[in-house]
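You will see chain A twice below: alongside chain B first, and alongside chain C after that.
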Partner chain A sequence: MGMKLLLEKAHVEGIRHFEAYRREGGYRSVEKALKEMSPEAIVEEVKKSGLRGRGGAGFPAGMKWSFIAKPEGVPRHLVCNADESEPGTFKDRYLMEFLPHLLLEGLIVSSYALGSHATYIYIRGEYAWIATILETAIAEAKANGMLGNNILGSGFDCEIYVHRGAGAYICGEETALIESLEGKRGNPRIKPPFPAIQGVWMRPTVVNNVETLAAVVPIINMGGEEYAKIGVGKSTGTKLISACGNINKPGVYEIDMTISVEEFIYSDEYCGGIANGKRLKACIPGGSSVPILPANLLLKTAKGETRYMNYESLSDGGFASGSMMGSGGFIVLDEDQCIVKNTYTLARFYRHESCGQCSPCREGTGWMEKILWRLENGEGKETDIDLLWDIQRRIEGNTICPLGDAAAWPVAAAIRHFRDEFEWHVREPQEAKRRNYGLAHYADPIHVPVAG
Partner chain B sequence: MSEQPLLTVTIDNITIQVPAGTSILQAARKVGGDVAPPAMCYYSKLEGSGGKCRTCLVEVSKGSEKDPRPMPKLVASCRTNVMDGMEVKNITSPRVTDARAGVVEFLLINHPLDCPICDQAGECHLQDLSYEHGKEGTRYEFQRRTFKQHDLGPYIQLHMTRCILCYRCVYTADQLTNKREHGILDRGDHSEIATLIEKSLENNFIGNVIDVCPVGALTDKTFRFKNRVWFLKPENAHRECPDCCGKVTLWNRGDEVFRVTARKDEWGEVESLADGSTAWICNTCRFEKKKSSDWVIEGPRKISRHSVISQGHYEGKVGTTVPTEIFSAVHGGRNPKLLMDIHSVSEVNRPEIQLSQIAGPSTGNDFTTGKD
Partner chain C sequence: MVKFSENDLAKVQEIVAHYPDGKQKSALLPVLHLAQDTFGGWLSSETMDYVASLLQIEPIEVYEVATFYSMYHLKPVGKYVFEVCQTGPCMLRGCDDIIQYITQTLGIRAGETTADGLFTLKTVECLGACGYAPMMQLGKYYREHLTKEKVDAIIAECRKTAAELN
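Our next item is the complex of A and B:
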């Protein structure tokens, strides 16, 4: 049984409400932080914990906090990014739905550490019922003196506001989120200046993912050094993984990042193996924007080592033979899935969600979608595959925000690892309409040429 | 003026000094010539513009004197400020030329390429850009996107299919008028410029969106299909205007004034006045005053030889400005090898003559050897 820090109490009855949550030991970290610790000490503790941002990029949270500018007389803000819209990722929804007070607890402690007296939760519009849950929780916390003026007699004031988004994926990008929060069109800003210098209303701002902020609670409770002992290397603590696709037990799992990918997929404790006794073909291990991996590269790295569920191991081999931890949206594809169709679906998503601000992403995503549609529907040409490669290459890295990269990577990885499936779609268009390419050689052990 | 420390920046092997706070693009424009990256969305007179079109991407091969690491990604030169000791590669970097060709291709895939019937043709930045940085063919084999027509009133014609979404008109309306009435609706490749509910744009300064539009998406309705810009002679003129500076360029054919625009500099931007403000003009000057008698004519306007509009102007030093030659500096003093020097092999040529400097159509007189 893996260690649980966040979801341990998720199924206690009434945990959604303040009373039960408090009874189960909730808000201990608020008491500890506000009564015994200085804001600097909390930032130091988070730094020691090695906590990495759970939103996708994996940037060390303590480092991000220490970047925040502290000019005299200018308020600072903490914004919780609950605009979880990545296909395949639904961990924050689970966390907020079952343990809203855990997020609030993390938010209060983090607000205290950053000196934010007005903290915002930017939640995606589609999570309408969760926004209501959060608002109820905020009212309860306020009634019990955990929010508002002079919290627990410490002299620290904090209000938390829930702001509903309007259903745009791009508003999960931190600067687009800030624009949207200000009431403007959700276009990402050009960086620099970074939000830590000029964020919401040009004030210093930290934007963190829901899970990152919730993880502050166990860090304060157990101490940063203890927290850092969980996990391996620079992947400290526990991570929520939302597993979906062709597995027996889809759902949100908390792992301590020491288990192997194979164990995660096949053990009964987690995904419980591939559904209907089929074989594993491919997997997108971190939400739709990270590169897809075929079964052979997923379970073992290119060097032949076992691949583990942590930041380093999943990205071992770079993009040539690795992927990314991303936001933890673990999408499993069995042998009956068509990679071309899957890539088309993702491309369609990114085309729909591109904000249209910068030209490579606006035009390139639409173009890729059309070509993939053609390939999927048996009208493709051999040159289309190279054309797709060329388009993604020219989008990646040339855009304002990471959405361009996120749109380019799935296409690049699909072509890199599944090129023969694409070619089969071109050569046998009629057959490709009738059946899928199947598993082919994607689970065979790969021959690794030794460098030098 | 207080002394500002000057920063040293090297762009394509040419070193110049600029004040702090200058963007790479502005520094490159000081060098001039091909070193200046193209800019489709950036407009130095509009605050906050730039960063969107990605045509001005450059490679920073050395961050600064203090931190000499190169920047990993190509950066938008219009929104990146110069650091002391920075080294920038623009036309000398294959990465940049490749990325730029890609951006041009992206900008063109959904562009209707209806230049033959477009009023902007001849002074279109997208034409120049694709001519200079693009490839000849297209690899796009799908239907180009179309939009529902929107009517923006009696002055401004909107062709959404031609738009490259540079946001310049949005910033113009934000910064010149007291209430912006149009904006970007929708998102991604179906986003469009429009007023939310069909509305005509009638602010007295909204006509400037025509001048800032780099393509033919926003054109002058009073000039629509009247003439091609290269048949018109630009003349500087002014009048006493109660609303604006009144300094304009008239575009004439014979005595007839076909259109009135603001005065644009060599980067296609509206010029600055002596007091530092920008010479935006009001709708009255632009749309209503279309008689020569309304204006005090100052004389012919200099047009960059870079532009196709200059093709009708033979006046040499009067009508055109010669672009800066920077080839040898960029290539470290190496000059292109001449296959043949026309001056030394041709008998019908005066060695001292510059063909582009001949006043008026050339005659036999220009090509005599001067011996007789």
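Our next item is the complex of A and C:
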């Protein structure tokens, strides 16, 4: 069994409520932090832990905290990003649904570290019942002196509020989230100024993912140095992976980042292998926006080394032959799945979610969707493939926020690794339409090419 | 006329109190949710204007938000809205069959409402339930691991509830 720092108690009866959570050792980090540590010392521990943002970008959390401005007389805010919307990602939902107090505990400690007296959980609107679970947990924490004025006699005051979004992927981008929290459309802001200087209501703001903030609890309990010993290299601690697609055991798994991709897919402890006795064709290992990899490049790097479930190994080979850890949304495709169709649904997703501010994204995502629809439905032309490639290149890097990149990468990777399947759709439109799945040979064990 | 009850007005005040003084516009998304739930499941111009007056902002500030977010309905919808996810991971687990089955069973396409006003079918993008696909949102909750049998059961359950309410 892998090490569990976050989900260990997820199945304890009643853990959703304060009493059971406290009995199981919950809120110890709040006691330790507020009674024994200064805010600066907490930031230092988080830095030492090597914790990287768990939302997708992987930016060091301690460093992000250290950027927060502290102008005299201006309130600061911590905002928890619970706008989980990246296709393939459903880990934060699990954590909030089953361990709401773990998130609150992390939020209280982090609020103390950052000096936030009003902290917000921005949760995607569709998770309506989870918002209720969190509100109940907040009321319980408050009734037990963990929130409100003078928490545990420390003199620190803090309130946590749940703010529901209303259906917009873009609000997972931190400046769009801030706009949305201000009651506006979720249009990302141009940076600088960064939220750490001017965030919500133009006040210094830190936005962190749910899992990142929950990880602060074990970091404070065990100390940053101990936490950093778990995992490998710059992938410290544990990571929640939400696994889905054509596997036997979809679900949320906590892993320490030393296991191989092969073990994660095939062992009974995790995904339990490919469903229905099929073979693995491809995988999107970190949420829909990261590059898709064919089976051979997924299990081994282009150099022929075993690929592991961590930040460095998953990105080994760059975009030419690697992918990314991203949000930990692990999407598995079996041999019957059509890459063109899968890419089409993702392109449709990004077109739907583009906020419309930047022309390359607003127009480009629509064009890509149309062309992919054409290819999928047997109306594609040979030149469409190069046209798609050209469009995605013109989106990437040319937009205010990373949604443009997120829309471009899946299309680029699909063409890069599965070009013959796109060509087959053009050459054999009727066959492609009838079978409704692509070429299965990617599931065969093939020789792994060396990059370069 | 569109007007919140005293109870709902107190809820609005409580929501507004979550944000700093003078930043009551921040309450817009939550108050629109409350308004949609209260006034027939969608946001009419009248409802949006009312919300604007409550939050002391311009009506345009409400319209531009209501039209941006996919959860706000700007046209009347059925009593039960089936919001079926169609993004990649759900597609891999057969959501197309589920959507087709609902279309056949209810005789409506995506975006349409049954003549009796009971059901609306919507196809939506990723709802964060990829491991429990195929799925749909129905009101506040998710219905997951959908099969044709489960869809039948959900439709029957809705009809029964509606009949009991009448």
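Going forward, the second predicted complex is superposed on the first by the 436 of 452 C-alpha atoms of A that agree within 3 Å, B and C clash if a C-alpha of one lies under 4 Å from a C-alpha of the other, contacts with A are read in each partner's own complex, and residues count from 1 in each chain.
Basically, a residue touches a chain if its C-beta (ideal position, glycine included) is under 8 Å from a C-beta of that chain, and two chains touch if they have at least 3 such contacts.
The structure presented is a predicted model; accordingly, all values stated were derived computationally and were not measured.
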item	value
First (chain B), second (chain C), both or neither touched by A:R185	both
Which of chain B and chain C A:A168 touches, first, second, both or neither	both
Partner chain in contact with A:G148 - chain B first, chain C second, else both or neither	neither
Touched partner set for A:K370, first chain B, second chain C, both or neither	first
First (chain B), second (chain C), both or neither touched by A:L387	first
Broader residue contact with chain A after superposition on the shared chain, chain B or chain C	C
Which of chain B and chain C A:H352 touches, first, second, both or neither	both
Partner chain in contact with A:P360 - chain B first, chain C second, else both or neither	first
Which superposed partner A:P429 touches (first chain B, second chain C, both, neither)	neither
First, second, both or neither for A:P402, with chain B first and chain C second	neither
Chain B and chain C contact sites that coincide on chain A, given as residue numbers	168, 185, 352-353, 355
Touch list for chain A against partner chain C, complex	75, 84-90, 93, 118, 120, 124-129, 161, 163-169, 180-186, 201, 242-246, 250-252, 284, 288, 329, 331, 333, 337, 341-342, 345-346, 348-349, 352-353, 355
Complex contact set, residues of chain B against chain A	50-55, 57, 73-74, 76, 79, 98-99, 102-103, 105-107, 109-110, 139-140, 142, 145, 164-165, 167, 183-184, 186-191
Residues of chain A defined as touching chain B within the complex	168, 170, 185, 190, 351-360, 362-367, 370, 387, 390, 393-394, 397-400
List of chain C residues in touch with chain A within their complex	18, 20, 23, 25-30, 32-33, 55, 57, 61, 64-65, 68-72, 86-89, 91-93, 124-133, 137, 140-142
